[in-house]
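For reference, the structure is listed below as structure tokens.
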Amino acid sequence: MAQIQTLAEAVGNLVNDGDCVALEGFTHLIPVAAGQEIIRQGRRDLTLVRLTPDIVFDQLIGMGCAKKLVFGWGGNPGVGSLHRFRDAVENGWPHPLEIEEHSHAGLTNRYVAGASGLPFAVLRGYFGTDLMGRTETVKQVVCPFTGEELAAVAALRPDVTVIHAQQADHQGNVLMWGITGVNKEAVLAAERVLVTVEEVVDRLDPRPGGVLLPTWVIDAVAEAPGGTYPSYTAGYYERDNSAYVHWDTISRDRETFLTWMDEHVLGGSMAVGR
Amino acid sequence: MTATSTARGEQSIEYSPDDMMIAAAARALRGYRVCFVGIGLPSTAANLARATHSPDLVLVYESGTIGAKPTRLPLSIGDGELAETADAVVSVPEIFNYWVQGGRIDVGFLGAAQMDRFANLNSTTIGDYEHPAVRLPGAGGAPEIAASCKEVIVLIRQSHRTFVERLDFRTTVGFGEGPDDRRRWGLRGSGPTLVITDLGLLRPDPVTRELTMTALHPGVEIDQARAATPWELRVAEQLTTTEPLSEEELRGLRDLQATQDHG
Amino acid sequence: MAQIQTLAEAVGNLVNDGDCVALEGFTHLIPVAAGQEIIRQGRRDLTLVRLTPDIVFDQLIGMGCAKKLVFGWGGNPGVGSLHRFRDAVENGWPHPLEIEEHSHAGLTNRYVAGASGLPFAVLRGYFGTDLMGRTETVKQVVCPFTGEELAAVAALRPDVTVIHAQQADHQGNVLMWGITGVNKEAVLAAERVLVTVEEVVDRLDPRPGGVLLPTWVIDAVAEAPGGTYPSYTAGYYERDNSAYVHWDTISRDRETFLTWMDEHVLGGSMAVGR
Amino acid sequence: MTATSTARGEQSIEYSPDDMMIAAAARALRGYRVCFVGIGLPSTAANLARATHSPDLVLVYESGTIGAKPTRLPLSIGDGELAETADAVVSVPEIFNYWVQGGRIDVGFLGAAQMDRFANLNSTTIGDYEHPAVRLPGAGGAPEIAASCKEVIVLIRQSHRTFVERLDFRTTVGFGEGPDDRRRWGLRGSGPTLVITDLGLLRPDPVTRELTMTALHPGVEIDQARAATPWELRVAEQLTTTEPLSEEELRGLRDLQATQDHG
């Protein structure tokens, strides 16, 4: 059963140094506030996972929280590069970043296998690409019926999955809608689950496209209004595209980045700092 | 980018090489029913096709939006506009497993930082993988789009930076090393059937699968295309010239671009 | 793109003698009218597939349409046996019926593999049961990561899938809601698709739990109001439980059954008869 | 079925062996959070648990209804009432793959036509498979419920018809032939931890996994249980007696049964 906690409490209770942490949100419902709280709490040596790491991953990497990144596509969507990610990979700043990369379908199916209690999933892909052989989590499996060779991806079971949703009720049931991506699978694959929500409401009303996660698959729910900013939350607010464009400038330079993080992320908190 | 000017009757139309690529891509969608769209030029092209000759073209975006009918150019593949205008929004596992891998998509668009003569693509690293000169965003949905869409259209500028003898990293399979590799790897789509560059169009040779220049954009000479290609470029016996941008196309394109608010 | 046709046209165009025909509907949206039209058109040698064959399958089997049944649980839900099914298996009447049986999860995953363009799917099950070894569609696969042995089920790709849904629009897009079972997977796995609907409407309104199937994955849509009777269609009518109870009596005796079918299924049609 | 009568204070309560099984099953759900429910006695028991000691028990039905809160006993596992009162309705693939196989269900109920001493179950055929004397409905969801729910409770009457030395068909695995088989077959739940019959309760021996009679219902003698069992029945050293039906239980049960309209 989900406990309704503050974001600081929830991150403090659920996210440990060295954990494998999936912060999912496929182009929508991106858990920015939760990621920034992880930064404020100074977590280290995390294996961070997301299909589409974007600005908040750039921040986590640039602030030195990540030992490893498991991902599919790491960019500033519609704008360009993630400069902190690139600096980590190209120059090892602030420290070297181990990377494990997949196609979106491959990483998606790693979650699906995890959610399904299976050790692996099967897909058509990877063969012929240099992705194959770069990770131990992609191998080959032979169809016992046709003899065809297919790609197998290892189940992914994060220690913690963090997602953002629109609403929770007081019992900790969670409702999300719009593009929900791989959020359900990332939740059901994880050992522990933290959901930030725009608001806690008295009652969750069924709605078109609504996806409900029952409280008994969640550990903590934390209110984080505006928790996906500068991305958007359907039904609540729009994407602030200028912030994405601006991030390109902020993140290009290490000092500019650190100063911005100090002011905008660390400043307002009782954080341990970096 | 230099603007190209072409005379159509009395009027002279000014457009860029990118505009030409987008228009050529939009035209190439004629006759297809279901198109898998990425952000950027492909999204513009697909929406231009909808705005001109193919109003019923079904747009599928990786974020799970099936039948999106955006009224403005989306900012990302997960733009709220796509979900709001879609016939259905499904999960990402469902999009990849049932709709892409299930063979439901007629044509998919891809771009890349590098392409080789067999239309294999690199969007991962420039330079050595372990110590890259440039770390690119990575694979995303490209490998499976290339694997399972019935056909693939590649949009890429033609130069020694993008056309390379040997990819620094093979992110996405076009035809591997030749005609048998797709079958051998269990990839059920036909692979890239068209490459659109700023200089013209290339199509795979029916036998060898090596890319062959089949058309040039108006005003482009074949020597330009040869010079922009690091390998000995194959050229079709009947090399054609693409139609210049029509007024309708350019108007449609400008209308679309006007909807894009970059904050 | 789906053609909107009469049920007789649609069945005539899409269902051939000898076809593998999935008529799905997991305890809801059961395509009874379509199954009865198949009977009226006198189709023979069908391989019929459904997780939960019930009354309409009893009718198809008793009228001699089926050569083979692929299924998970064949009963009169809440009442008892399917007597025509039992008579076919136990006594070979009206002719012997080949059977291939699965667990629900196994047959479900056969559809999932079919819908996913994969030759097989993986699950935990079958081992230790006598189900294993009774069909060529269940084998063993070894996880390339952990060495675990898991069950593999062969993809199922029906020649035709028939489902019932609440609504279609004039373009042939289909909307169903409530318990939708394995209907989407059965549709996406099939070569050809027929959907019967309660009504064709001008516009499909998004609604909670609504599942839309776009017209371009469907071949024919046919209006069949009350098409799941005596089962139910959420939003339209309730299950007539007395008919389920009554079926137990009708179906116990061959002559009673044939007389009832003549009167209630064959009678009102221009059927070829049996 | 003979009715059992038991004195509670001044009053005598009349109930059947089925009532006793249902009440014992409802009681057994105390402390569990998520229960996978089939139709018939299990559904009645789970709803009795909700109506009495466990109002927050989450009922999951195979049809995809998660958190169903029926106000009447459902007619089938796909009763519209379940969908209408559920927290969520998901697809059948999702129920089996993510929720059952994913290990999200605390306890599942099963019944069967035959059971052996290792709680393996037959719901397929009586007699030879190819030429059965009785063709039963088949496996349904039982094999995977038994495979993956954390625990399983079996409801079955105890007689030489149902308790058999050797199943005619093993539809569903309890413990196979002993303690190692579940692990060997990759079945991650604990298997049947409780069997409830019309005579009493059986639990698997912690070491051998053979079913052991641990309790008798009021008025039942151990010799009755032995006589109803074709193998040499193991009996616990401390054999207990189940509590008779309380007035509250019987009232709850009759209220539930009154909601069931069989047309």
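For reference, chains read A, B, C and D in written order, and residue numbers begin at 1 within each chain.
What we mean here is this: a contact is a pair of C-beta atoms (placed from the backbone, for glycine too) under 8 Å apart; a residue touches a chain by one contact, two chains touch by 3 or more.
These figures come from a predicted structure and were not determined experimentally.
Chemist: Under the document's definition of touching, what chains do chain B and chain C have as common neighbours?
Modeler: Looking at chain C and chain B together, the chains touching each of them are A.
Chemist: Counting in whole Å, what is the centre-to-centre distance of chain B and chain D, each centre being its mean C-alpha position?
Modeler: Between these chains, centre-to-centre, one finds 58 Å.
Chemist: Distance-wise, how many Å sit between the C-alpha centres of chain A and chain C, to the nearest whole number?
Modeler: Those two chain centres are 40 Å apart.
Chemist: Quick one: chain C and chain D, Cα centre-to-centre, how many Å?
Modeler: Their C-alpha centroids are separated by 29 Å.
Chemist: Do you know which chain B residues sit against two or more other chains?
Modeler: 97, 101, 148, 188
Chemist: If I count partner chains per residue in chain A, which residues reach a count of at least 2?
Modeler: Within chain A, the residues that touch at least two other chains are 117-118, 123-124, 148, 150, 184-185, 209.
Chemist: All pairs of touching chains?
Modeler: A-B, A-C, A-D, B-C, C-D
Chemist: Going by the contact rule set out above, which residues of chain B touch chain A in the complex?
Modeler: Within the complex, chain B contacts chain A at residues 39-40, 62-65, 75-80, 82-84, 89, 91-93, 96-97, 100-101, 120, 124, 129, 131-135, 137-144, 147-148, 169-173, 176, 181, 184-188, 261-263.
Chemist: Across the complex, what residues on chain C touch chain D?
Modeler: Those in contact with chain D are residues 26-28, 51-52, 71-75, 77-78, 81-82, 85-86, 89-90, 101-106, 108-109, 111-112, 123-131, 134, 148-150, 178-182, 184-185, 209, 232, 234, 238-245.
Chemist: Where on chain C does chain A make contact in their complex?
Modeler: Its residues touching chain A are 117-124, 137, 139-141, 143-146, 148, 150, 152, 154-155, 206-210.
Chemist: Going by the contact rule set out above, which residues of chain C touch chain B in the complex?
Modeler: Residue positions touching the partner: 1, 115-118, 173, 184-185, 188, 211-212, 214, 216-217.
Chemist: Taking the touch rule as given, give the residues of chain B at its contact with chain C in the complex, in rising order.
Modeler: 33-34, 58, 66-67, 87-88, 97-98, 101-104, 148, 188
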